[in-house]
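What follows is a set of structures to go through.
Below, chain A partners chain B and then partners chain C, in two separate complexes.
Up next is the complex of A and B:
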């Protein structure tokens, strides 16, 4: 199974462990991720607030390179995915847009290939059996809530996820790893994105509510598929605790980190020690619980 | 209902279904399936002893699953006639052959497990449609309200059963999940109504008033309770309606203008996140129970029965009236009238008015020996008619049939078939004139020649 792969800016910087774990998981699952050569920025946030054509042209160049190779495309970052998918849909919908964009990027682009989030590639295109077969260290009994955020599911007509209000792809993946997916109310709420920088009080309050609801429903950890959600949830817990006198200490993981760990890779391989909220202890506990259970059985 | 049942000129055919309708105004021939009741209504006194001892209990349809009913049952307490039927799908005796407790107990020996469906055909002069409505299936559309996974998110109809003294809780408003009395109840209006994206475009009309009533019942029946109503508009056009709404407000219901964007669980509370658009802020209410005012939709299978009887429906599936303002009780099919929510969402007073109107329309029809019809109807030139029958399926009113015609040709008498228009049924739509290949059918007052002359006058 071969896909064009667009890492985007985060996966080499703030979300480096997402990039690392994606590669490890892909390798195990026989998923050939062909990194788009000479890729450029997807334009997220900045471009589509500046110029509509620019916002379509930037992802279109990457998409055109993938199309030339005849590949569908897997996009790990939620923001990149949203821009890629919006571009593909816009080109599909209008012959005029197609011509305009093709002339700007000086390449043909016809939106033939499918644009998928990496979450959907792993969750929908690869069988549960294959994932289960690779699990060496199951996350038995780990209570985890799946956090999809906004751009993987919205706007529904563009994102085309399994369900914009109650997506289950990540929950099902967590169950396949042996974890216990916990139902909660903030699956698709916004993490505040860059509000934490521009309007810290608004952003932090949004994060506090997400963390609170996860904790209230008994979650031990939050799984995410977006580098920005990860950054916000992982990095701000201390500040939130200081502001509201809460006591959050919830480890946040990329879903591929949990997969890679369950597939048997070490914390260091995956990049877990890079997290702000210590994330090794919980997994050590989970693995030792599993071990104990195995010995007991 | 009891008065209707006792009227000498009214015959009730309960637990029966219309299977076929033939004929026309003044002379409908209706095939009716009288479903097996397994109870002989001539013997049954309606004492109800059988219902108390039936060992099989299933969720009650009338209580929307909030309570249970036995398998020999009356659909609801005031049902007419007040006699039970056996639910063959769930009855232990009919399924396994063992049980028969009801038959043993019945003092008049009315239970008959050998009962069979009976199909009868009767003639009627007119038909009044009153198939009512169903509720919009919000569980399939509103993921933000939990797709029905929270038992304490209920519809107005559930609330109606909870607050009813003869209902499953004896009239106490209790949460379905744990039977506790809710202290904070959130009402959400327009769930499925006025929502083109997820539901229906139209306003369901009755919800503003019943929600005001429900909110008032919460405040009235539960001490120290709070009722919050999220609304888009409050529509109270009716006699004493606005006064009622204002009383609900004055008595303490909190009306918030905005939609609820999400309901989720936190502990045993249902958190309703929404917007108060009058203050321009997000609000969140921790509720014990949420009541959704779901849209009215045409009742299931109403489309099927409309095609059996032979009249049209509108884009939303409601029965199409002949004219939205001037003929709201009639259909385009002569002798078929409409009453109540089958024609469009309405409340009780409107339903009663329309039903009374339909009854009088029928009386007016029956009071005359001859029927007046529109003169603009189709007629067949039998000399030209080839008997191809193309016009028959074209007619939406089933007004054309083929009749035999004897004529002399080459010295012999031959019989052939020609089209014949029933002028009582023809509504003058002209579909047959366009379909007629030999040009044998014309519409009186709008003949092909007349129209061609008009075209000539305009164009030449």
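Up next is the complex of A and C:
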């Protein structure tokens, strides 16, 4: 199975563990990810917020390169995925948009390939048996909430996920790893994106409520598929505790990190020691709970 | 809000408001003010007007109040409202259109958010990618919040998450061209 792969800006820096673990998981699952050569930033929400044409043209250049290769596209970052998918849908819907965008990027682009989030590629295109067959160290009993955030599921016409209000694809993956998916009310709540930088008190309150809901439902950890959600939830817990006197110390993992760890890779291979909230101890406990061989950093 | 004579009010700012409808694809009369959008909006607690109220203002021709609102900047484009709206009113698209119109008139109720968006795009224009460290450094400089998040910086570098030199697209000309052509369209502010 071969896909064009768009890592996006975060996966080279703050989301570096996501990139690493995606590659490890893909390898194990026989998923061939062809990185789009000389890709450019998707423009994220800033382009979307200030210039509509630019918001389509920036992703379109990457999509056109993938189309030349005749491949469907897998996008790990939720924000990039949303921009890519919106561009593909806009080009599909209007001949005029198609012409305009092609002339701006000076390449043909006809939206032939399917745009998928990496979560959907792994969760929907690969059989659960195959995933289970690769589990060497099950996450038995690990209580984890799956956090989808906004753009993997909304707007439903663009995202086309399994359910915009109660998606299950990540929960099911967690179950396949042996973990215990915990149901909660905030799985598609917004993390505030860059508000935590520009309006810190607004952003932090949004994050606090997500962490609180996870904790109140008995979660030991949060799994995510978005580098921005990850950065926000992981990096801000200390500041939130200082502000509200809470005691959050909840490890946050990319879903592919948990997959790679369950597939037998070490903490160091995956990048778990890079996290802000210490994330090794919980897994050591989980592995020893299940009697699995302890390995790691 | 003072008392308002509705029939004449609704005629105010007609063409400008119509342009906003066209740009966002929202028909303002679709909204019957049920408030479901605002009940689920995760940022409503911080807004000066609820999302529903923004629509109401525009329905009533009170464009100035909508333009001056912090709400249009605080909308996180999370898409919760449009997902749940019984009339599928695309509020984030409307917020975007109103925000662009406000910016054009120099009305920026949330300066930090505006600065952040601008710097982000300048980076993409220059590098073809968005170097996160430069983004936050420039943001801190331009917004005047010099030491914001300084406590996280050592970890970001030590863990290999931050690099001083930005990554760059090789074909920067292609990206500059895309920006130039999109600006020609007259939409870029």
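Criterion: the second predicted complex is superposed on the first by the 291 of 297 C-alpha atoms of A that agree within 3 Å, B and C clash if a C-alpha of one lies under 4 Å from a C-alpha of the other, contacts with A are read in each partner's own complex, and residues count from 1 in each chain.
Just so we're on the same page, a residue touches a chain if its C-beta (ideal position, glycine included) is under 8 Å from a C-beta of that chain, and two chains touch if they have at least 3 such contacts.
If you're wondering where the values come from, they're calculated on a predicted model, not measured in any experiment.
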Touching partner for A:105 - first (chain B), second (chain C), both, neither: second
Which superposed partner A:213 touches (first chain B, second chain C, both, neither): first
First (chain B), second (chain C), both or neither touched by A:58: second
First (chain B), second (chain C), both or neither touched by A:164: both
Chain B versus chain C as contact partner of A:129, first or second or both or neither: neither
Which superposed partner A:95 touches (first chain B, second chain C, both, neither): neither
Partner chain(s) touched by A:195 [first = chain B, second = chain C, both, neither]: second
Chain A: partner with more touched residues, chain B or chain C: C
Chain B/chain C common contact set on chain A: 164-165, 189
Of all residues in chain A, those that touch chain C in their complex: 9-10, 12-14, 16, 38-41, 43-54, 57-58, 61, 103-106, 150-151, 154-156, 164-165, 188-190, 192-195, 197-202, 205-206, 235, 238-239, 273-276
Residues on chain A engaged by chain B in the complex (per definition of touch): 163-166, 184-186, 189, 213, 216-217
Chain A partner contacts - residues on chain C that touch it in the complex: 23, 42-43, 45-46, 74, 76-80, 82-83, 96, 99-100, 103, 110, 112-113, 115-118, 120-121, 124, 127-133, 136, 139, 143, 148-149, 151-152, 155-156, 159-163, 167, 169-171, 174-175, 177-179, 181-183, 185, 187-189
Contact footprint of chain A on chain B as seen in their complex: 142-144, 147, 262-267, 271
